[in-house]
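Note that chain A is present in both complexes that follow, paired respectively with chain B and with chain C.
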Partner chain A sequence: MLWQALTLQLGYNATLVAIGAILLGFAAGVTGTFLFLRRRALVSDAISHATLPGVGLAFIVMVALGGDGRNLAGLLAGSAVTAALGLLAVQWLTRRTRLAEDSAIGAVLSVFFGFGVVLLTVIQTMESGRQAGLDSLLLGSTAGMLRSDALLIAVGGALTLILTLILRRPMIMVAFDEDYAAALGLNIRQVDLATMGLVMAVTVVGLKVVGLILIVALLIIPPVTARFWTDRTERVWLLSGVIGGLSGFVGAAISASAPALPTGPIIVLTGFSVFAASLFLAPNRGVLAAVIRHVAFQRRVHVRQGLLALAHGQPIYERYTVRLLHRAGLSRPDGVATEAGRARAAKALLDEKRWEILRAMPDHEAAAALYDGMRPIETVVTRDQLAEIDTHLAAPQEVPA
Partner chain B sequence: MSGAEFVPLSLTPILIGVFAAIACALPGNFLVLRRQALIGDAISHVVLPGIVVAFLITGTVTAWPMMIGAAAAALLAVLLIEAIRRLGGIEPGAAMGVVFTTMFAGGVLLLERSDTSTVHLDVEHALMGNLESLIWLDAFGWGSLLDPEALAGLPPELLRMGLSMIGVVAFIWLFWRPLKISTFDEGFAQVMGMRTNLIGLSLVAVSALAAVAAFDAVGSIIVIAMFICPPAAARLMTDRLGAQVGWSVVFATLSAVLGYVLAGYGPLWLGAEDSVSAAGMIATMSGIVLGLAALFGPARGGAQG
Partner chain C sequence: MTRIALASTNGQTMTGECPETAPMSIRGMTVSYGQKPVVFSVDATFPEGSMTAIIGPNGAGKSTLLKASLGILRPLSGIVTVFGRPLNSQRHRIAYVPQRASVDWDFPTTVLDVVLMGLSRELGLLRLVRPRHRARALDCLTRVGMAEFADRQIGQLSGGQQQRVFLARALAQGADLYLLDEPFAGVDAATEKAIIAVLKTLRAEGKTVVSVHHDLSTVGDYFDRVLILNTSKIAEGPVADAFTEANLQAAYGGRLATAQVAGIPAAG
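Then we have the complex of A and B:
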């Protein structure tokens, strides 16, 4: 069943929904990247919660006009209106009062959502509202979807994605370097507005698939995940889009493969699995890479200190150091240096002495700043400079017999 | 309205609503000033998996296991946010977004996959609470307030919420000075020898306590709204912290009472038959209060010179 779902063989509707989820996830991943880089990830939470009263109002209006309150296109249109109002409220509160953005976000999301709940209870008391099923928009549900709704989601996802790709250049510029973008003549406020418009589009299209409580995850998790793998903006957004699309696809497929697997949570958990894997496994920024780096560094310190101790003829008490030296063939298991170990120890001592001389020379201040007790001096100075340093070394002395 | 109707049906929900509002608004003052307002939002989302797991372990919907589960989930969330922030070098807002959405999604999935048809446990209940159902059936009028037999039948949520509020008040009162100093000038607080990390952590812990207790009684919308709206509105009224806390309590009480009354009786006045969600209405009222404060509050634009 899952295999069929993953290969899009569960029927026309499920396929449309899966395609819609891929497109939506991709658009969300790309749009989310710019929110994330602008450090405004949680604004999307306010926008998504602000859709609820719009859904309720749209239902009431459609019923009052004698239509079917459950028309998805109408509900989504209504949700876009209040989402925009919510966004305006956040901006108004942050700009006009001294409240910080996080307070504004929290206030808008709770108040709009609260009002939406009031409207939902009104709808429940309406004649036609008993079976409204509007709560499916809270958590997303693609089971038993109408064909027109599935089509709407696929088309909506495609349109959002196209818009995102068209707008991505100015958004990259603003996210990357606001001043530079302004100097190039871009209107920062308009670009920000466009970003927020895309967030709204993603939210509205995502209502039926992911649900309004969790859509924010689709905007946050992919860019955060992508950021682990690369430092380059133009790759972050692409990777983020791919991760978003993948989460959408796998989530929609798993959800379609069995009952009682709500689409939204599955998509979010899929995304989180990718995130968790990246957190641990990503090169450079991942936890595993950091641990490996730390261990390697520790070893270098131990070996270096061990060699210096050998050079001074001091005993080594640290077992780990002896083990490392022995494994490298530099000492015997009891900590006595081998031939190779004595040579390396002498070299270490010589390096240390050279560094000492270098650090005392005012001309080499920049090179001396690189001293960390482990760096081979040849990597810092030229051969000529090394020769100059060596002239300061004390001449070899005869060892008394 | 006669006492015979008001006392059993409306007195206890209003009191519980007010207690919950105040318990959340008090720590909210500091969270708003510290730019941690969204912690309330995060906590109220992660509470869901906590109570679901508690239900799956105990098999019943009773208060204490649920509160413990919710508190454990809140703690886990704070730890996870901190771990992701540190390990991944991710900004706090995004780290929070990753954690609370994932935990909420996990909670929803657990809930859908397990058989909860026999008990009253669903996502809507978690979001919206059921303030209206916390009635005092043993009461017959104002006289019942002095009748020990009737008092024994008070909804247990009233006592729990009252105690939680007293706990929050005690915390704020006892730690007023360190809280105040570390909120406004963390560097100075450290120089004074205060352990600012510990103060910040205990503030979050107390907020979580208030959130979990309130959540049990009134649902998570009120929790988020009360953490932010009354303190934010209060901040637009005054420059002094003491006065701000005072205003926030007034606003929280006002929102709770007005919201409950409007939800219960407003539709009747408009000619409709059924009441609307009290939790939603209380959140809406707190938003209206905040809107008015943002338009007319004397300190809305910044410090007054």
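Then we have the complex of A and C:
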């Protein structure tokens, strides 16, 4: 069943739902990248929690007007209204009061969410509210989704994605260098508002699939994961979109084969698995790579220090250093240099002396600043400069009169 | 939005330049954080083809004046005209080089992509970056001696290299007026030389350069005009007239070491 779901063989409806979830995940990953780059990821949490009262109000209004309270388009429209109010409240509190943004987010998030829970409780007591199933908007559920709902989500996700891609340049400029962007004439507040508006759109569209409590994860985990793998902006958002889309797809597929499971947590856990793998395995920024780099560097430092000690005829105190030198065939187990060790030690000493001369030369400030005891001098000066340095080396070292 | 400011308090007259069409003219600018003005009622004119150093002690409002004159900060009062027109209609002629410390250098972007930001006005929202755009960005990197670093992540650069990338981004704009905020702060000697060479070339092409500057010993070598600031304007004009011990004493007070004043003309 799961296999059939993953290969889109569960029929037209399930396929449509899967496509909707993929588009939504992709849009969330891309939009979330710009939020992440702007370092305002948590604002999305305030936005998503602020959708809840809107959902409740929309349901009540639709029932009062004699319609079906469960109409998804109506619920989403209502959620967008209160989400926008919540967003504006955060902006206003941050700009007009002494509250920092994190405090403003906390205040808005809890108040709006609390109000929403009260509304849902009221709805539970209404006659038409018993089977409303509004709680599925908390954690997301794609099981038994209407065809029109899936279509709405797919179209909404696609539209948000397109708008985000259109606005990507100003958003990147503002995120990287706000002052420069302002000097070019960009209106920072409008760009920020647009970013938040797009996040709001993704949140609202994603309510049914991911649920409002966890949508923030779909906005944050993909870009953070993508950042592990690349240093280029366009690759971060592209990869982030792919990770988001994949998470959405797996979530929808599993949900299709096990309808009792809420979709949101599955989507988030899928994203998290990719994140965890990236955290450890990414080639440059990953934890494992960092540990390996550190250990390798520490070894180089020990060998270098050991060689310099040998060159100066000083004893080596650390057992670790001796062990490393011995393993490299540079010393005997008791720390006495071998033939090869003496040659390397002499080279290390020569390096140090050359550096000493270079650092005393005022014309080579930039090169001299690169001295760290480890870097081979050949990598910072040209062959001619090295020859020049060596003339000082050869000069007789007389005591000045 | 801009309110008409009263004439400046010190009533200095212009020294022959034409403020109406100057690359940048600031009238009665006051900027404050809260209730404390950091810049108070400053008038300044930067004539075409000139190279001006904005100098003054720490906290004198140098960077603030620059940012407010570009609309990055909103001044309490003051009018800025650029080439005789309102600032917003002339932004395409201005290039700004912010302080290096103002951005996050771990940002996922490459040197070339940063320089391409200088072309953003031309690229707009939708136009694709074409080989000719890349070629222009690369050309600007060559002018600051950074072409070989084009594909590096910006965090891998030294401070001086980062500063040169910022300058290359400004060059890419092809502007007529260049405003720089402490371009020589914390850079190596080679970078300082490279930057000043580029700025002097710009001046030779008739462009106008304004730079917040810290090192009093190089003012005479690098610049032809100074604006001495300490909240209010102390002096403005050609280096020979305005960069005097008396004016510096007025701006820096006890903070001016005598060693720094050595070689500065006492007249004025």
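What we mean here is this: the second predicted complex is superposed on the first by the 341 of 401 C-alpha atoms of A that agree within 3 Å, B and C clash if a C-alpha of one lies under 4 Å from a C-alpha of the other, contacts with A are read in each partner's own complex, and residues count from 1 in each chain.
We take it that contacts are C-beta pairs under 8 Å (C-beta built on N, C-alpha and C of every residue); 3 or more make two chains touch, one makes a residue touch a chain.
These figures come from a predicted structure and were not determined experimentally.
If you put the two complexes together on chain A, you find that chain B and chain C both fit without a clash. When the two structures are aligned on the shared chain, A:V224 is found in touch with chain B, with no touch to chain C.
In the superposed pair of complexes, A:Q305 makes contact with neither chain B nor chain C. Applying the stated contact rule after C-alpha superposition, one finds that A:T338 touches neither chain B nor chain C. With both structures placed on the common chain, the touch criterion links A:S257 to neither chain B nor chain C. Contacts of A:Q4 after superposition on the shared chain: neither chain B nor chain C is touched. The partner that reaches more residues of chain A, of the two candidates chain B and chain C, is B. In the superposition on chain A, A:D135 contacts chain B only, with no contact to chain C. Of the two partner chains placed by superposition, only chain B is touched by A:L214; chain C is not. In the superposed model, A:E365 lies in contact with chain C only, and not with chain B.
Using the contact criterion defined above for the overlaid structures, shared-chain residue A:V122 touches chain B, although it does not reach chain C. The minimum CA-CA separation between chain B and chain C in the overlaid arrangement is 10 Å, rounded to the whole angstrom. The residues of chain A shared by its contacts with chain B and with chain C are 227. Partner chain A is touched in their complex by these residues of chain B: 32, 35-38, 40-41, 45, 84, 87-91, 93-98, 101-102, 104-106, 108-109, 112-113, 123-124, 127-128, 221-222, 224-225, 227-229, 231-232, 235-236, 263, 267, 272-277, 279-284, 286-287, 290, 294, 297, 299-302. Against chain B, the residues of chain A that register as touching in their complex are 36, 39-42, 45, 92-93, 96-100, 102-107, 109-118, 120-122, 125, 135, 138-139, 213-214, 216-217, 220-221, 223-224, 227-228, 260-262, 264-266, 268-269, 272, 275, 279, 285, 287, 290. In the complex of the two chains, the chain A residues touching chain C come out as 37, 166-167, 169-170, 172-173, 175-180, 182-185, 227, 230-233, 235-236, 365-366, 369.
Contact residues on chain C toward chain A in their complex (touch as defined above): 67, 70-72, 88, 91, 94, 96, 98, 102-104, 107-110, 113-114, 117, 120-121, 123, 125-126, 153, 155, 158, 160, 169, 179, 188-191.
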